[in-house]
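Here chain A shows up in two complexes: once beside chain B, once beside chain C.
Here is the complex of A and B:
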């Protein structure tokens, strides 16, 4: 059973290469900006990490859209879960080993596992999707950027271990995000944000800009939740993250709704359900 | 800087256990009767949702039960058995409730379209398959197959979890229990998706012809899990 997908390449107004650049460069720049500006300007700059995650989410949603259009046979959610599953493994490894180059290492190792899984999918599992290798690589890397970005926004740093700066102990990602279990929130938020846009919009009338508007909107929701968690961590400020998240969500949702109205054949108000008296 | 080679050399057994766990999950998914979207409309045999959701539901329950047992004892056998039983109970309940929906809600008898006779009860199947469908409900063979699959998944998941927590890095377990569990969950999803691509999203159980494809998925899971196991051991061992 192929759940959705026309069995061919997806039509796209924005070329995928631009979105790859948007995801990788935008994601990493925002994550590093969050890290350095939190130290220079103060905890309220931690919202930049979530903006990096939104870049990753939009890129991932676009890659899901391309590969799922071939018909995976298992429904769209499977590939989103795969992305975040690989992303979490690579993120834990990258941040633990990498130190200051942690986010870059996480993206590289996520791409590596994604590449291997995509290759196995085509060669061993005989899936026969031409862009499978490229897409799993992209989706896994996007998953890693999403997780690193949201973690940075929650913790105010992407350093894995606690550090001592000017005599003060600065808790790392391991202490603030992984240990209390907020990583599970990031896990499911990131997976849904990456898989949901195409899953919700698929069909013969699916349009790239509508799907991506939905991805931005999901990113906004993820950012709001990240902000709520950030209110309890010392090095990150939640208020700015929540406010920026709400603004992004509102703008993206308006844009998404505009496109839904544009693509719909007809919109008619059905009114309220008839009351008992009216039915008799 | 983390001494990567030293950590890997100290934890070879852990890597082997994690890889074995990944293979068991991958094999277990092949046993679970998943019908996907067609089954949700009672047009295919199995439970009406995707492989990933079913396997994750059972596997995560297995992790929870294994984690609970870890509070009480350090015995590897008991912890893994607890994880296995937890996953088996979860998948059984899911299939039982799904079955009630099909029988009393939709009003169709459980029947397999892939075999003429149920391999366990020897009941005739093809007479009960509605025209235009590929079977419906969860017949006995699929049910038993599902319990085996859930058990294998829970066994693999709790094995990964136990192996990660038994890494000796000089820290108390409470410091890295979150990392170990989310890492096990991540590996679980990867190893649930790989076999679901292998079977094309739907399978009835061990009597389904698609079941014979499992060596491909086991090979793919072996390679992917082995890579991930090295990363996990280095990350946790270097803490």
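Here is the complex of A and C:
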């Protein structure tokens, strides 16, 4: 049943390797920029972390698109949830033991778990999808970048535990994000932002640029909610995050709708179903 | 806490859960989410283009977990700044509702655009009429779930933070809406023109009912049908889950003594056994009353 995708390799205008670079390099650069600039310039720079998360989201959505195009169908949400689950384990581990190299460690650890899970899925469960191993690795790493990015944007730091700097206690991710339960919203927002774009564009005439525009749009929503949380954390400032998030959401939604208009068979204000003659 | 106060809180939670269950199911029916969605998605491919909202947000549990977690997060942020709980819960539900609106529109236009070769049009009037309904139901669901979660924390002393508890209840209500409510939409409404109980022949896949009692059927017609039985049944199911799972620990409070904790577990097992026996009785009664499905002769031959 081709309702679940084209049943083969997905056609892509932007090669996946460019998107991998965009996700890894862009994501980590923004996360580190957020961490250092918050200390140098002030809490309002914390919005950069969410930009890093958007890089991860777009990369993850593209990886989901590639692997799900083999006809996963209802498996699209499952693979997204699986990946972000791996991402959250890797993030907690990486940030807790890594210190300043925490985000990099989280991405590496997520890739390793993703590699093993992909290998098990393909060889033990015999799913037989050619790019399964690579894609699971990619989605897990993208999930880790998304979670680290959103956490950094919420907390203003990616240090896991509280630190004492110049006699002042600086709360870490564990205190500001994990304890009040905001990690739940990071988990589900990140997961849906990664898996929803392809799921929302499922069908034989799906186009890469339309799916990725949707990923940017969902990333914008995640950024807005992150900004709302950042208004009550001491090291991060929410206003800039919310404003930038709204701008990204608006631009991305307009771009998405432009591509929908380009690709749709017909957009009608009201009307009847296509007639028998039209369908033939 | 006074046992009587506990029972009162529990009754309030059960009532909120019943409303949440009904609105959750109807919300998913307006947008054809969850299991019946596969047939809505398949229909244009089988030459049956339709005017039914195609809201695919990766199944009901994740999409309800999303709106409830967002509502819980925004409410927590507001309560940290000192806002009153009722205001915080309402604003949280409102933000969640807006997010749900965007999550509903993108799959409808995206999936329809991805079915260009099957000539599935995008109807803007469907977006305009259905999205507010979906958002309204999503608001009710989120608010009721937040009320349940908030009562659990503030009155029953649950140790989890609000966003996490709302997230868990969101998954729970999505799962119950999906398992209880979908049957009444998928099997009974989408394939109304086939004999009841005949199952879905592969040849009829995608051949969903597209014409309404008057005019062309859309998602709101479907939720009208489901509001008669599917929605309330889902509400009762979720209300019972919330009430009964809370009842055992309110009556046998494990925080008082370990013995009471074990009694709570025994009470839970007894409730499950009673429900199993009751379900069995309903099934046997229904089979006796309506008999087995009579297969056609040629089907038996084949």
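Please note the rule applied: the second predicted complex is superposed on the first by the 265 of 280 C-alpha atoms of A that agree within 3 Å, B and C clash if a C-alpha of one lies under 4 Å from a C-alpha of the other, contacts with A are read in each partner's own complex, and residues count from 1 in each chain.
In this text, a residue touches a chain if its C-beta (ideal position, glycine included) is under 8 Å from a C-beta of that chain, and two chains touch if they have at least 3 such contacts.
As the structure is a prediction and not an experimental result, all values here were calculated from the model.
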item	value
Side-by-side fit of chain B and chain C on chain A, or clash	clash
Touched partner set for A:270, first chain B, second chain C, both or neither	second
Touched chain A residues, chain B compared with chain C	C
Touching partner for A:189 - first (chain B), second (chain C), both, neither	second
Which superposed partner A:13 touches (first chain B, second chain C, both, neither)	neither
Chain B versus chain C as contact partner of A:88, first or second or both or neither	first
Which of chain B and chain C A:109 touches, first, second, both or neither	first
Chain B versus chain C as contact partner of A:77, first or second or both or neither	both
Touched partner set for A:180, first chain B, second chain C, both or neither	both
Contacts of A:117 with chain B and chain C, given as first, second, both or neither	first
Overlap of the chain B and chain C footprints on chain A, listed as residue numbers	1-3, 73-74, 77, 81, 179-181, 183-184, 187
For the chain B and chain A complex, residues of the former touching the latter	2, 4, 36-38, 44, 50-53, 56, 174-179, 182-183, 185-190, 192-194, 196-198, 200-202, 216-217, 219-220, 223-224, 227-228, 231-232, 234-236, 238-239
List of chain C residues in touch with chain A within their complex	38, 41-42, 45, 47, 49-51, 56-59, 62-63, 65-66, 69-70, 72-74, 76-77, 80-81, 95, 99, 102-103, 106-107, 109-125, 160-167, 210, 216
Of chain A, residues touching chain C in the complex	1-3, 73-74, 76-77, 80-81, 179-185, 187-189, 191-192, 195-196, 199-207, 210-211, 214, 217-218, 221, 225, 228-229, 231-232, 249, 253, 256-257, 259-260, 263-274, 278-279
Residues of chain A defined as touching chain B within the complex	1-3, 72-75, 77-79, 81-82, 84-90, 92-93, 96-97, 109, 112-113, 116-117, 120-121, 124-127, 161, 174, 178-181, 183-184, 187
